[in-house]
Amino acid sequence: MTLDALRDSVCRANRALAATDLVVETFGNVSGFDRESGLVAIKPSGVPYDALTPADIVVLSVETGAVVAGSLRPSSDTPTHLALYRAFGCGGIVHTHSVWATTLAQARLPVRCMGTTHADYFRGDVPVTRPLRAEEVEDEYEANTGRVIVETFEVNGLSPEEVPAVLVANHGPFVWGPDPFAAIERARVLELLARMDLAGRLVAPDAPRPAPFLVDRHYFRKHGAGAYYGQPHR
Amino acid sequence: MTLDALRDSVCRANRALAATDLVVETFGNVSGFDRESGLVAIKPSGVPYDALTPADIVVLSVETGAVVAGSLRPSSDTPTHLALYRAFGCGGIVHTHSVWATTLAQARLPVRCMGTTHADYFRGDVPVTRPLRAEEVEDEYEANTGRVIVETFEVNGLSPEEVPAVLVANHGPFVWGPDPFAAIERARVLELLARMDLAGRLVAPDAPRPAPFLVDRHYFRKHGAGAYYGQPHR
Amino acid sequence: MTLDALRDSVCRANRALAATDLVVETFGNVSGFDRESGLVAIKPSGVPYDALTPADIVVLSVETGAVVAGSLRPSSDTPTHLALYRAFGCGGIVHTHSVWATTLAQARLPVRCMGTTHADYFRGDVPVTRPLRAEEVEDEYEANTGRVIVETFEVNGLSPEEVPAVLVANHGPFVWGPDPFAAIERARVLELLARMDLAGRLVAPDAPRPAPFLVDRHYFRKHGAGAYYGQPHR
Amino acid sequence: MTLDALRDSVCRANRALAATDLVVETFGNVSGFDRESGLVAIKPSGVPYDALTPADIVVLSVETGAVVAGSLRPSSDTPTHLALYRAFGCGGIVHTHSVWATTLAQARLPVRCMGTTHADYFRGDVPVTRPLRAEEVEDEYEANTGRVIVETFEVNGLSPEEVPAVLVANHGPFVWGPDPFAAIERARVLELLARMDLAGRLVAPDAPRPAPFLVDRHYFRKHGAGAYYGQPHR
């Protein structure tokens, strides 16, 4: 992908995110990663979404974090995005403070898999990280946020491909996918799932979970070699 | 009804559904059934609603499930729709993952009849199915979803005409009516009823139910020979 | 007021009501009363709001209920409206199935006065009626709904001018005012109050009430001879 | 700032407030303060937002409260605004009855700081005042509302710059900032925070708070000399 195409895609993705109800004020950002060139493109920090142009998008090296193109400061969350691109095989990352996912993050509760809507997108609970320690917050805070996300997947034996999202404790959701637009779609669905799980926790805290065979049936109906949802790729 | 008229009606109904707030992403579908010709028309699988044209609508035999017209894959939920058309006397079916009805489905709770808004459309609680068993999920999953819905009405002695909706456990609502548009109207009302019942369960879990004579008064004010709501048919 | 002016006003009021989020499907209606001529104008039953014209509005005698103008069936709730016009000194009535007021009506809970937003419009709790008895539902159901509303105010010593709304148990709100548009404004505020009271009951069921002197300060800041809110009448 | 510029800014701010979902009916108002001239500009009482022109905006002396320009009655809450301008170093104040902040005010609960969304704007809980006493309500009610707000910050040792908002018990939020538009932005964020805290109190009443070092990290990422969020001022 050319540098221009990457910036253009990330600019459009950030504006598409702002058109959802996931974004309040300037909270949130989208990045994209071109694995071939090793370049990450991301929203500049604190710039209103409706004023964004491709030239505002900041481009960095995934390895060194050095800015390659763009004159604005990148999102303050950039080191978190870089850590995830290094550890996970994804091409787009969305971070928001969307209301229901953030409420669960503040309650330090996972988004439980309670039905087929969830299983169509995520093969099991979307986890919540442990809180960061004082030294992790005081030095390299944003990079450590990324490290704690990666740790959460390792410690719990989770696949970042099958469960492409996380809640950072007392912060909010990070969601990823093969490209920025797929990440946005998943962030929208995660918000719906968080809203339903939160309401479900109130109305029926002890409701039984769906059986693993139902979760897998739905997950693999849409993902992998045996998928039969949607139209065959042409 | 001609094939063209059926496809056109189902196409318009799917686009009308997408204009409601019942649909998130590509979740949900509407089908229509022409009982005379034995043909069912349904949304293709995973196709965005705003791109739908009548030619995209897939037409199948209600008896064999064989595709009669259309080159796209039908909705993966098609076998559920066919099972309901075979068992119930309806002409339109809507399936969604609307937030409040789905939350109750995930909590495995019925939509309780708590007032006249409910009784105007449904003569009693909208039931929730039992969860499917492993073998029912592993083989002919979608057809078995339809069978379990029919079983729910038989076991509980419910009339699918008087209670034209169901929550599938850990999945979401299916709603039916004489035609696709009537089914959409009922799906919208069901979502309102689910929202109100869910909030009511939180604020007053032991609130008394409306008396059966009030439920019947409202149901029969709008349905059947003695109806006096609305204008006389001309 | 001329018959034409009354019908025109009630037609506009019904369309204004439909533009709020208080109305779902065809639930709800507005009426207006010209006390001088003794005529009540009301929405026809089950007619979509966006198709309403002044000629569709049905005009009846408040005393006999006889139709004076209009060829459509009046709202099935008409006898409730007539009962309220006979007993209370109001000129407009709104009935809706708005989600939060209806949820409290189904829970048989009043809208408690918990703050100044409430006290600016209603001097104290908005009450909920007792449920109707079998014989009251089976015969003259809608007229009896009106009688039970009036009874609620008499038994509890409430002023229908100071508390111009009620929740009918397991049904929904009726709201009144000097004219149809004032009644709509109050119905919108009531819905906000119901939403806030319902959430407040969940988060702090034992929260103390505002002191009566605060309620009266706000109520009389906007109502009566000592009012100093808004601009002086010119 | 000229008188015209102040009125124009406050007029635009009031219309901007009305375009948010914080305002219901005519509840709410925005004022602006030009510290150099000692003049406060504020919305007139009870006038619909969409009819507001700069000439309608009332201008008063912050010291005496005397009207300097404008022929309409100022907002009935004016004495509250004046008290805050005298005590706090702010240039804009917003008062609303927004649904979630008002619900917590009615429950007499603070908006707890539960995460980074909150800490980005407010360094700690947004407090709730004590209820006013009878004599404080009966005489100089609105001025006393301001005095109780100031008392709340003094008694609790809070900085009105670091925590630029308050909930008035059984009433609603007041929010301030360097100018009217900054106050509106904070009022929007406060409403989001109130919504999330209220839901969090229901789903996880005992959830641990974010560590003070996380709160400070986020607060000082956006505020003060060491801020690195957003773009450098040019």
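As written, the chains take the letters A, B, C and D, and residue 1 is the first residue of each chain.
The definition used in the following text is that a contact is a pair of C-beta atoms (placed from the backbone, for glycine too) under 8 Å apart; a residue touches a chain by one contact, two chains touch by 3 or more.
Only a predicted model underlies this, so the values are computations on that prediction, with no experimental measurement involved.
Chains touching both chain B and chain D: A, C. When chain C is fitted to chain D on its Cα atoms, the angle of the rotation, on a 0 to 180 scale and to the nearest 5, is 90 degrees.
Farthest chain from chain B (centres taken as the mean of C-alpha atoms): D. Separating the CA-averaged centres of chain B and chain C is a span of 33 Å.
Centre-to-centre, using mean CA coordinates, chain A is 47 Å away from chain C.
Shared contact sites, meaning residues of chain A that touch two or more other chains, fall at 202. Which chains touch which is summed up as A-B, A-D, B-C, C-D. Remark: chain D residues 114-117, 120, 185, 188-189, 192, 195-197, 199-200, 202-204, 207-208, 210-211, 213-214, 217, 221, 228-232 touch chain A in the complex.
Listed in rising order, the residues of chain C touching chain B in the complex are 24-25, 27, 44-47, 72-73, 76, 97, 99-100, 102-109, 131-132, 134, 137-138, 141, 170-172, 198, 201-202.
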